[in-house]
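In structure tokens below, several structures.
Each of the two complexes below includes chain A, the first together with chain B, the second together with chain C.
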Partner chain A sequence: MIGQLRNASGIGLVLGLLLLWEASARLGWVASPNWPPVSAVLAALLRDVMTGEIPTLVGGTLWRMAAGLFAGGLAGVVVGLGFALLPFVARLFAPVVELLRPIPVPAVIPPLVLFLGLDNTMKVTVVALTVFFPVLTNTVQGVRAVEADALAMGRTFGIGALRRVVFIVLPASLPYILAGFRVALALALVVTVVAEMIAGEQGVGHYLVMMQFAGRAEEIYATVLLLGVLGYALNRAFLLVERRMIHWWFALGRQSAA
Partner chain B sequence: MRSALRWLPGIALLAALIAGLEWAVDAGLIRRALMPPPSAIGAALWDLLASGEFAEPLFATLRLVFAGFAIGSALGIAAGVAMGWWPAMYRLLEPLVELLRPIPKAALVPALMLFLGIGEAMKITSVALAVFFPVLVNTLQGVRGVDSVMLDAGRTHGWGTTHVLRHLVLPASLPFILAGMRVALGLALVLAVLAEMLSGQGGLGFLILDMQRSFQVRLMYAWLVILAVVGLALNTLFLLAERRALHWQPANRP
Partner chain C sequence: MSITRRIALGTTVGLAAPAVLAQAPTRLRVSVIPVLDVAPLHAAIREGYFTAENIEIDTSTTAGGATGLPGLVAGQFRVVFSNCVSIMLGIREGLDFRFISGAAGSGPQPPDSMAVLARKGSGITSGRDLEGKRMASNTRNNIVWLRGMAWVDKTGGDWRRVTTVEVPFPQMADALAGGQIDAAVFSEPFVAAALQTHGDRLERIAWPINETAPGSTIAQYVAMADDLARNPEVFDRFARALHRGADWANARRGDNALLELVAGFSRVPIERLRLAAFTTYPKGVSVGELTEVIATMTRFGLGGRYPAPATLIHRTAAV
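Let's look at the complex of A and B:
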């Protein structure tokens, strides 16, 4: 109760700003078709959710995001293990990876459109490319942080190299890998929407651009709001999964790895 | 010298990949309309560089990135220090920040276009918004982590709040601030390119999309190479500057 009261000023500010938004639109302080009152935005959100238009679009976007997250994440973990465990592989491939990494994502969309067209394959690939790099970096870090004693013990017990990787290295570096996935998850949602905005006629991103062309401000704000809530919910859900999967890490009193 | 030798296999692989691509296109394994041979892209790139044609779009994009990055960083640091230093400010602003932070900034570009049109103002605002939040969060973390013994020492010397903030809190939280700014710099370039693509005018981002849509594939790849070099150069320069600014940190001492 006291904790809630302590935050009263902050919540007051948020409510005050929302009220100011509503009043400025209703009373014509900001007289612009691009400035609908917040109540109209919420009404538009509710309407589009009820008609099923938005849920269908969001479903498609989330599906593409999940597919890209899975493909890019898997590739990131596998390549990361290779880089960390086989120094020669790192020296061979690192220059190629480091040259590709700094290219801003939206810029790889046009060439991918040439090869893969405008639909799902292209978008999933863009998301996978985005996800690949943070997961790769964190996997390499995680494997480096595995305690040498754990590996030595595995060797003493005569566990083969492959089984050591699967049963010792992977679980021990999981906190780092998951931290990479959490960063990647936030990027994945944004990049899916970006890809939809730039190319093709699918998903929330395309809807946003269409509404902008049509000058439907309410729909735009409603969609942006929805994406914010979605991003927040995905992050929360991931934190829960993370806590369950690596409870031993938190039990050791360590914080999230990144 | 030794480090150069270490990366020799990687650079050899890169050269082999480019040569292999050249051969595959020549042999007709990859359609020229999709992937011109690297030599042709190199020639197109050379034309852009030699004629000076590259300069205007390049500087247009860099101007966006720098303006948005500077504005977003300055505001992010100011808000982060205020929230980290005065608990009342933290309580006031924290719910608002937590509410706005998860909104994907890329999705705000269409909304900003309604208000600010498709010109510089919209693009710089998009970039600044994307930069603001990571810098804010890292600054906040840095300011809260300042050693309380140092603060007590400052108070013992009779320093005022401004002096403490300027000469103690800011330098001590600089590693965090710079880490946030490094992440933000990458985002700034992404948002600049995206804003150019969506507004259909401006620098490198617009050109890459426009060349693809008009099937001038060689030029598309040439501009893409220029953009990749920009990304690499910005990141490298920032790392160098960061190391210089933090030379007092143990990890950076020679």
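Let's look at the complex of A and C:
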């Protein structure tokens, strides 16, 4: 009940801000053609959704994001398990990972264009690189947090090392891994759009740049709003999946409801 | 997947054996910028001139052209549209670009596609007034910047004492009206857009190209020298189709048909295009105009060892 009320107040704030936006444009508080009223922005959004242009672009962007998320996430989990379970792997690769991790991915897009071109290969790679590091770090943390009792029990029952990893370590570290994916998801959307803005005629990012050059402010803000809603929806959807996958974790009450 | 493979196969066959061209279109990836200057290319695509030459054009639009010339070197593109100064700087650094066609030029007198704008009532009317002040161009060391500096010099200013800042075209009008910069070199359709939306606060104070180098060149299409040597007939066909597109666009200057074409590929509202000044669409590149650009670049700090212009012009641009 209180939670519902709190949610409602949050939505109220959003509506209030949108109203402020509308008023600031209509009443000339911000007098620039590059600051259109939100109603005109929504009209532009609706128009391009109805023509089918926006849905196609969003579909392409989400596809590239998902492909990158899958590839980078899988690599992050596998390498993370290796790091946490095999000390020599950690000793060998930790310096490389720590050096590469802080590099902002948009900075490496131009050289990647040289090797991977301008199309999906480059964009998916860029997203995968972005996703890889948070998933890797969280996987390592997750494996370290697996309770020694659980592992000892597995050993007592004579379960082999590989099966212990798949059936004990992996499920037990899943809450951490999923938390890594949640961080990666938000980054992945950002980076997909940035990569599309830099090169090639694909997706929401290219649409955004084209509209900037065409001087169509309504469409620019429509895209920005759309990306905000898209990011929000992706996060909500992810939370639902997370709850289904690790309901036991929430049942333990270690994490307060998000 | 199978389509891609078929195209790849088609390209190889097309390149190797002109005799079987009939079945296999050559696919060319061309880097362009979403500006008025590339109207002939889009005209040639839409009117089927490339299809008639058995060429399939795949345009890749890049804002500001940042990945254009590097992409040409890396083999991502076969043809790149770029401004003359950026191309010459690449050539100076030893990159083997060759001009395969003219693209855009300035007319002999105003109106022209580039303009210097300042705030109304700021009292700025010349390069001398801009000394110690901030002037924007979309990028440093390109044709916009060069003509802006030449205009500062011509109107009594010391170009070294004018602070140049990079502001992307779409943000120039707001930056100028907001006082972050004191003048800016705009290119169409951003001149028309700025005067349309900020007309009460901004005014045009100069036509930088007409006042310093009337009728000069702005942008060209380039390809790599080794590609031209290996596949000369592909580029002959490309240039033939492109030049038919230039004829189409030149015959429709100020016409609704041309405005609709540009509105279609650039998404600029057609009412705004009506107010914009268009570039000319030359088909050739001349020794004279390249010599002028190199001389001007040298005057404004971009000098160096440039090859003789005649050696840079491929036969398709020698018209």
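In this section, the second predicted complex is superposed on the first by the 227 of 258 C-alpha atoms of A that agree within 3 Å, B and C clash if a C-alpha of one lies under 4 Å from a C-alpha of the other, contacts with A are read in each partner's own complex, and residues count from 1 in each chain.
Convention: a contact is a pair of C-beta atoms (placed from the backbone, for glycine too) under 8 Å apart; a residue touches a chain by one contact, two chains touch by 3 or more.
Everything numeric in this text was worked out from a predicted model, so none of it was measured.
By the touch criterion defined above, A:M50 reaches neither chain B nor chain C. In the superposition on chain A, contact of A:G200 is made with chain C only, not with chain B.
With both structures placed on the common chain, the touch criterion links A:G117 to chain C but leaves chain B unconnected.
Residue by residue along chain A, chain B and chain C are tallied for touches, and B comes out ahead. Contact with neither chain B nor chain C is seen for A:A237 once the two complexes are overlaid on the shared chain. By the touch criterion defined above, A:P95 lies against chain B but remains apart from chain C after alignment on the C-alpha atoms of chain A. When the two complexes are overlaid on their common chain A, residue A:A145 makes contact with neither chain B nor chain C. Touch criterion met: A:A214 reaches chain C, while chain B stays clear of it. Using the contact criterion defined above for the overlaid structures, shared-chain residue A:N34 touches chain B and also reaches chain C. Looking at chain A, you'll find residues 32, 34, 110, 113-114, 197-198, 209, 211-212, 215 touch chain B in one structure and chain C in the other. Contacts from chain A toward chain B in the complex involve residues 6-7, 9-11, 13-14, 17, 32, 34, 88, 91-96, 99-100, 102-111, 113-115, 189-190, 193-194, 197-198, 204-205, 208-209, 211-212, 215, 217, 220-221, 223-225, 227-229, 231-232, 235. Looking at the complex, you find that chain A touches chain C at residues 32-34, 110, 113-114, 117-118, 197-201, 206, 209-216, 219.
Chain C meets chain A in the complex at residues 34-35, 59-63, 66-67, 70-71, 74, 76, 168-170, 173-174, 177, 189-190, 193, 197-198, 266-269, 272. Of all the residues in chain B, the ones that touch chain A in their complex are 6-7, 9-11, 13-14, 17, 33-35, 88, 91-96, 99-100, 102-111, 113-115, 186, 189-190, 192-194, 197-198, 204-205, 208-209, 211-213, 217, 220-221, 224, 227-228, 231-232, 234-235.
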